[in-house]
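Note that the chains are named A, B, C and D in the order they appear, and that numbering of residues resets to 1 at the start of each chain.
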């Protein structure tokens, strides 16, 4: 039985975030890291809008996907999303701020099931993601 | 029974693309528009990478989601993705070019089912999306 | 703004269940009905097993799908599942009892987003479903 | 590089089917087995209907899930569905016959991505499934 090492988890996430150019482009801020858990946020900016002048669906997905990747990494092994299902429930626009909170619901030796909630600044549900990651045998060198 | 108007469909997609700031940031190019169909592509650039130095999952999703939106719009009514499920099968890196091809598999008065294939420049499957859109009653003013 | 009528919701669900031959074959028991909510259970019997002598994936799905249908019906209009995504986390076998609990997470005029948890008799997560229903304009004649 | 052994694949599927009590209850018939591929069918009977007197969603799912399991088994290793996403496009009723055709779209050492089409007797699309399986290291003893 492994013991969770929060300091190492925070280092791993900080290290991933530092190299994650797209999350940096989005302006992602890491709010909380815990075992199988990560909460991050980003502001909605002009370049994130689609042809209807609302936030492109890819932005909520991307924020959720980053939160997923970080939360899966807290267990210490390199993990890759293989299947993500997302439902959209609310539009956001420039000036809004969205937050993604990823939670591990089930962990096996090689896979993990996560749920990620995307909320706006007023805690309204913007999108809900259910995702499966594949856990490689590579430990993070951190 | 409505008749498909390809010229109008192309105008609608061109109009959406012109206003779609995120697709423009991605460098999306529209390759083909047809009834319930759209094929688009974009190059993978440095700012699209994640913490593992491969393309962020959100990029393949976003390209697929734009192709989906354009293909749904070819029917003339404003349509919104409500559920997107995506499976990732292959990594891409800077210098690669990815293409998303969206096809309508089923259309009802208020919903549509689409499948979107994301391929790399060598026609390898990068991701597969299955998505449901909600069709509003608003006609595009084009 | 509609007011929730629990007595009518219970009548609708009882009426649906009475005519639902497959749920009756499964031995479904209705445990609780509320606004956008339904909890049901069934025992795992020999005829529900697959070629590995564990419960066929279709059984957990079917129980979840029945709970979904009942919970969506509590709003009074005939509603149809259009997309269901399910993740499996734990095997069950003959003699086990599984429970499905469906909750509405978002409701619009024409669609609804639901999450359904399937648990075994010890409250372990067996499967998690995220589903979208289409709400017709037909009111239940109850 | 493994060579595909069709005779062994057919034996594995026949062996699974023989023990699969739920597929037998459904009246599943195996129509074709090939590498990463399986086509099966079943008739819609009275006990498969839901409260609206149409086929319960769990039946199309279950047939697709059996086809998925058989097609994944053709590679020789015990494989388990971990995530299934299904979209429903058409009702069926008693007297109809449905067919499920599963195809492997991508195979890695530990996972596989499959697409399963469910069609009615007139080749109309009834449901579309996208699914991920986990491939254990256990070889079938066949």
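The criterion applied here is as follows: a contact is a pair of C-beta atoms (placed from the backbone, for glycine too) under 8 Å apart; a residue touches a chain by one contact, two chains touch by 3 or more.
Computed from a predicted model, the values in this text were never measured in an experiment.
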| item | value |
| --- | --- |
| Between the pairs B-D and A-B, the one where more C-beta pairs touch | A-B |
| Chain whose Cα centroid lies at the greatest distance from that of chain C | B |
| Cα-centroid distance, chain A relative to chain D, in whole angstrom | 33 |
| Centroid spacing, where centroids are CA-atom means, of chain B and chain D in whole angstrom | 29 |
| Centre-to-centre distance between chain B and chain A (centres being mean Cα positions), rounded to whole Å | 22 |
| For chain D, residues that touch 2 or more chains besides their own | 82-83, 85, 87, 113, 132 |
| Residues of chain D defined as touching chain C within the complex | 15-23, 25, 46-53, 56-59, 61-63, 65-66, 69, 78, 80-88 |
| Complex interface listing, chain B residues touching chain D | 85, 87, 89-90, 105-106, 113, 115, 125, 128, 130, 132 |
| Complex interface listing, chain A residues touching chain D | 82-83, 85, 110-111, 113, 132, 134 |
